[in-house]
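Here come two complexes built around chain A, the first alongside chain B, the second alongside chain C.
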Partner chain A sequence: MDNKKYAFITEKDFKGLVTGLIKEYKVFGTIKKDGFPAFAGITSFDELELFQSPTHLSAKEFLFPQRETLLKFNIQNKTHEPVIESGEQVIIGMHSCDIHALTLMDRVFAAGTPDPNYLSRRAKTIIIGTECFPDKFCFCKSVGTMTVEEGFDIFLHKLKKGFLVRTGSVKGEEILSRLTKSRPAAFKEIKEVEALQKVKEGSFITTLDAPAEELPGIYEKSDNSPVWDRIGAICYGCGSCNHVCPTCYCFDIKDEVKANLKEGERVRVWDGCMVEDFAKVAGDHNFRGLRANRLKHRFNRKFRYLTGKFDALFCVGCGRCSRTCLVNINIAEITNELIREHNKK
Partner chain B sequence: MNLYENIIKNNNHTETPSPYVPVMGTVERVTRVTEHERLFVIAPSNKELLNYCPGQFYMVGLPGYGEAPISITSGPGQEKEFEFCIRAVGNVTNALHRLRKGDTVFIRGPFGTGFNLEEMKGKDILFVAGGIGIVPMRSLIKAVLNDTKSYGRLSLIYGSRNPDDILYKEEFEEWKAKGLDMRLTVDKPHPTWKGNVGVVTTLIPKIEVDPARTIGVIIGPPVMYKFVILSFRDKKITDDKIFVSLERRMKCGVGKCGHCQINSSYVCQEGPVYRLKDLHSLPEAI
Partner chain C sequence: MEMEKPKVAFFSFTCCEGCQLMVLSCEDELPDILKLVNIVNFREAMTEKSDDYDIAFVEGSISRKEEIKKIKKIRNNAKIVVALGACSSTGGLNCLKNRFPMEDVKMSVYGKEAETNYNVNDTIPARPIDSIIHVDYYIHGCPIPKKEFLNVFTSLLLGKRPDIPNQPVCVECKMAGNICVFEKGMSCLGPVTRAGCDAICVSYGAMCWGCRGYVDNPNTQSHGETLKKYGLTVESVIRKFSLYGKCKPEGK
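On to the complex of A and B.
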C-alpha cells in the first residue's frame, strides 16, 4: 500500500466530517431499520451506524429511483418538458461491492444514448464508502469486487482507533480538507488495514469454485442444464431479486395523468425480468413465460450477457438476491452447480 | 483518472438531451384497412424523423396513454410524411385508433437496424410475410419495387388468417405490375375465396429458387419463423442469406430498459432485423 494515498482521521474528525456534510447536503447513511442495516436519510451524526454486512436494499434507489419523472406533459398545450430530478447528495456507508455496482450502472447509463437523468444525479452524488466483513451470503472475493479503487469520493477503513481514509476524486480531497482535519497515515495504521484485509479475505463462507474470468464461458454452456427447471419449479417469480440487486436496472415507462386530465407525467419505474409479464407483447405472446427461462435470463445477465458489452461481470457478489429469496435460491450455489456440471463434461 | 472522474463528474449532464422527449406529428390521413388495423399518414414536425430505413421502428405515443413500438410501413425517401399501420391490441394502440385527421401524435425514433438494401442488390428476393408481418415488409417491398432494375426476381408469399385480414389489397395490382410475383394464402377461407388455403410454408415449394442468388426475408408471428426457416433450408438458402425481423416488448428504444432483450442482444439496438446466422448464438430468438 502506498502511504501517500492514505490519510488518517480520528473518530471525532469523522463526526465532524459527517456533521459538516449534513449541513451542506442531503445525506443518506446506513441506519438500523427493523433490526437490519438500511440506507435512509439522516439529519444527525448519531443516526448513522456503520455496518459490516450489506444493507437489504442496495443504494441504487438514490441514483436510479424506484419511480422518477422523465417528462411532464400537457395534453391541452401538446407540450412535453424533460424533467431531471437531481440534487446534491451524499451516500455514506456503501461497501466495496456496492461501489463496483455503481461503476457498472455508470457504464450502462453513459453507454450509447446517454441517460441524463441518471448521469446528472450521479455527478451530484458524493460517495463515502466504508469497509465491510463478509456474512454467509457474501462472495465478492470470487467476483473480484472485494476491494475498490474507483467510483467513490472517500473510502473509510475503520481502525481500532479512528479511520484510514482514501480519496478517489478531486471532490473527495476537497471535502476532506475542508470539513475535517486529517493527517497522512502512519505506517502502522496502513499495516493494521492490511492485516484486517487478510482476515477478511480468509473469512468467506461462500466462494465460487471457478475463477471469475471463466464464469461467462461456463454460463454459455449451461443453457440446457437441469438446474433451470429445478429452480424454476420453486421460484415465485416475485422479482425480489431484481429489486434488491445493485446492478438490476431494467425499467418500465408509464404515464400518469393528474385529476384535471390535462397535465401528467411520463415516469420511469423499476421493472424486473423475473416478473411474469416482463417480456410479454400485445396479443399476449410471452417470450419468457416460464420461470425457468426467466431465471436463466437473469443469471446469464449477471454472468454472461452484459459481460460481453461492458467487459465486467454484473454480479458483484453482494449476496442480496440469495439473502432475500423466499425459496432460498442462492446465486452462488447455483453458479457452483453449473461449474460442477461444466467440469464433469 | 478513471471513468467516474472523467465521464461522470466532469460533465454537465443536465445539458444532455433527454432521449425520452418525443417529436410532435400531425395525422394527415387515417384509413381503415381491416377491422383491426388502421393506416396513419403522419407528418412529423421535425423532418429528421423521416430519415429511416425499411425495418426500423418508432415509439408512437399519446400523453396519458404511453408509447408503443410501431414499425415503419412506408417506403424510404419520404419528404413530408410517413406511414404507420397500427393494429388495436393494447391501451396505446386503441387510443391511437381514435385519432382523426388533424390530431396530434407524438413520436420518437427511428430505432434499431433496418434491412441492408445494398446487400440485396443483384439478388433474387423471396419475401415471406405472415399476418401483420406484411406491415414492416411493405416498407422493404416498396424500396425494392422502386428500383426493380437493381434486383433479380422478386417473390412474395403472404399468409393471412382469412381474406378479410389481408392488408394492402388495393396495392397488389401495382406491386404485380412492377414485377413482384405475389402468392396469397389464408388459413380460413370464405366460400368466395379462390386462392390458396393453408400456412405460408405450403407455397414455398412452388417457388423456383436459385440458392446461390436468393435472399430470404421472413416477418410474421413468432410461431411462423421456425417453419419458414425449415422450408428455406429445403430450398438450400443458407442462414447468412436469410433475414428476419423480430418483435419484442419495447419501452425505452435506447438500449436501457431491458424489455426487448433476446439473450445478450437488445432488439432495439441490434435488431429488429437480424441475419439468421447471427441468431445461432441467441437461442431465445425463434
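On to the complex of A and C.
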C-alpha cells in the first residue's frame, strides 16, 4: 500500500464528517431495521450504524428509484415535458461489492442512449464506502470485488482507534479536508489495515470453485443442465432476488392517466426477470413462461450475457439473492454445481 | 361531436360494501369521473336505479340462489363487467361458511328464523361471480386499493387493457424495504399472493393474509414446504390461511 494515498481521521472526526454532511446534503446511511442492516435517510450521526454484512436491499434505489416519473404529458394539448428529479445526496456505508455494482450501473445507464435521470442523480451523489467482513453468503473474493479502487469519493477502514481513509475523487478530498482534521496515515495504521485485509481474505465460508474469468464459458455450456428444472420446481418466481440485487437494472414503463383523462405521467418502475409477466408480450405470448427458464436467464445475465457486452461479471458476490430466497436457491452453490458438471465433461 | 357519456353501474351482492366506500373515498377524482360518465346505479351513493348501463362494477360474492339470477341479468345488460374486490373476484371472507353444512350455518347465525325467512333459507355456498358469469376485469383486494380502481377505470375509458398485477406481494414488500415476515418469526401468504396492495399489511407490521387471491401460477407446493420449514403444521396453516382462500384453491 502506498502511504501517500492514505489519511487518518479520529472517531471524533468521523462524527464531524457525518454531521457536516447531514447539514449540507440529503444523507442516506446504514441503520438497523427489524434487526437487519438497511439503508435509510438519516438526520443525525447517532442514527448511523456501520455494519460488516450487506444491507437487506442494496443502495441502488437512491440512484435508480423503485418508481420515478420520466415525463408529464397532456393528451388534450398534445404536449409533454421531461421530468428529471435529482438532488445532492450522500450515501454512507456502501461496501466494496456495492461500489463495484455501482460502477457497473454507471456503465449500463451511460451505454447506448445515456439515461439522463440516472446520470443526473449519479453526478450529484457522494459515495462513502466502509470496510466489511464476509458472512456465510458473501463470496466477493471469488468474483474480484473484495476490494475497490474506484467509484467512491471516500472509503473508510475502521481501525482499533479511528479510521484509515482513502479518497477516490477531488470532491472526496475537498470534503475530507473541510470537515475533518485528517492527517497522513502512519505506517503502522496502514499495516493494521493490511493485516485486517488478510484476515478477511481467509474468512470466506462461501467461494466459487473456478476462477472468475472461466465462469462465462462454464455458463455457456450449462444450458441443458438438470439444475434449472430442479430449482425451477421450488422457485416462487417472486422476484425478491431481482429487487435486492445491486446490479439488476430492469424496469417497466407505464403511462398513468389522471381521472380527467387529460393529464398523465410516464413512470418507470422496477421490474424483475423472475416474475411471470416480465417476458410476456402482446397476445399473451410468454418467452419465459417457466420458472426454470427465468432462473437460467437471470443467472446467465449475471455470469455470461452481460460479460460479453461490458467485459465484467454482473454478480458482485454480495449474496443478497441467496440470503433473501425463501426456498434457499443459493447463487454460489448453483454456480459451483455447474462448475462440477463442467469439470466432469 | 360530443360522444355520449358511458353509463356506469355499481352493484353489491354478499359483502360489506367497503369496496364501494373505497370508490366513494376517491374524493379528489370524483368530480372528474362524474364529468366523464353517468352513474346510473350505486346503492351506496344514490337512490335512482336503471337497467341501462355499459360498465358494471360488481361487489360481493354470490351466496344465495336469487343472486345467481341477478348477476346473470347484470351480465346481459352490461358490455363490460368488472369484479370489484375480494368477495367478488375470489369469493372472499364469505367462503369461510363453505366449510360447514349450510343448515348449520343458517342456524348458528339466524336461529329459529332460519326456517321461516326466505332470504336466509335461500343460502348456498359462497362463490366468486366468475363461477356464474364471464368477468372481463378484476380489481382485487379487501378492500380494493383506490389507485387500482382509478387505473382500471381510466384504462376502460381510454380503451386500454387495464394493467392488473400478476406478481407476488414479495415484489412490493422488497420495494417497501420490509424485512421478510418469515425472518421476523411470523408466517405469510405473500409469496403466492397477487401484488397491487404495496404490501400494506406487512409494511405496518402484520403478515399477508392473501386477500388479493393467488397470482396466476402460484407455487403452492413450494409454499407448503416453506411453511413446514418454519415450523407450521399443515392443520395450522389451513386454519390460518383459509380466511380468503377457500373458494379458489389455485389461479385467478
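Worth pointing out:
What we mean here is this: the second predicted complex is superposed on the first by the 343 of 345 C-alpha atoms of A that agree within 3 Å, B and C clash if a C-alpha of one lies under 4 Å from a C-alpha of the other, contacts with A are read in each partner's own complex, and residues count from 1 in each chain.
The rule we apply is simple: contacts are C-beta pairs under 8 Å (C-beta built on N, C-alpha and C of every residue); 3 or more make two chains touch, one makes a residue touch a chain.
None of these values were measured; they are calculated from a predicted model.
With both structures placed on the common chain, the touch criterion links A:281 to chain B but leaves chain C unconnected. Within the superposed three-chain model, A:257 lies in touch with chain B and with chain C [touch as defined at top].
In the superposition on chain A, contact is made by A:305 with chain B only, not with chain C. Shared-chain residue A:170: touches chain B; no touch with chain C.
Once the two complexes are overlaid on the shared chain, A:200 sits clear of chain B and of chain C alike. When the two complexes are overlaid on their common chain A, residue A:240 makes contact with chain C while staying clear of chain B. Of the two partner chains placed around the shared chain by superposition, chain B is the only one that A:122 touches, whereas chain C remains out of contact.
Of the two partner chains placed by the overlay, neither chain B nor chain C lies in contact with A:141.
More residues of chain A are touched by B (comparison of chain B with chain C). Residue overlap on chain A between the chain B contacts of one complex and the chain C contacts of the other covers 254, 257, 261. Contact residues of chain C toward chain A in the complex are 26, 29, 32-33, 35-36, 150-151, 153-154, 157-158, 163, 166-168, 170-171, 174-175, 177, 179-180, 182-184, 190-192, 215-217, 219, 222-223, 225-226.
Per the touch definition, chain A reaches chain B in the complex via residues 70-71, 73-75, 78, 80, 82, 84, 86, 103, 106-117, 119-120, 122-123, 149-152, 168-171, 223, 249-255, 257, 261, 264, 266, 271, 273, 278-283, 285, 287-288, 293, 297, 300-301, 304-306, 308-309. By the touch rule above, chain B contacts chain A in their complex via residues 2-5, 7-9, 11-22, 24, 63-68, 87, 89-90, 93, 104, 106, 221-222, 247-249, 251-252, 254-259, 261-264, 269, 283-284. Across the interface of their complex, chain C is touched by residues 33-36, 38, 40, 56-57, 66-67, 233-240, 243-244, 254, 256-261, 270, 272, 275-277, 291, 324, 326-327 of chain A.
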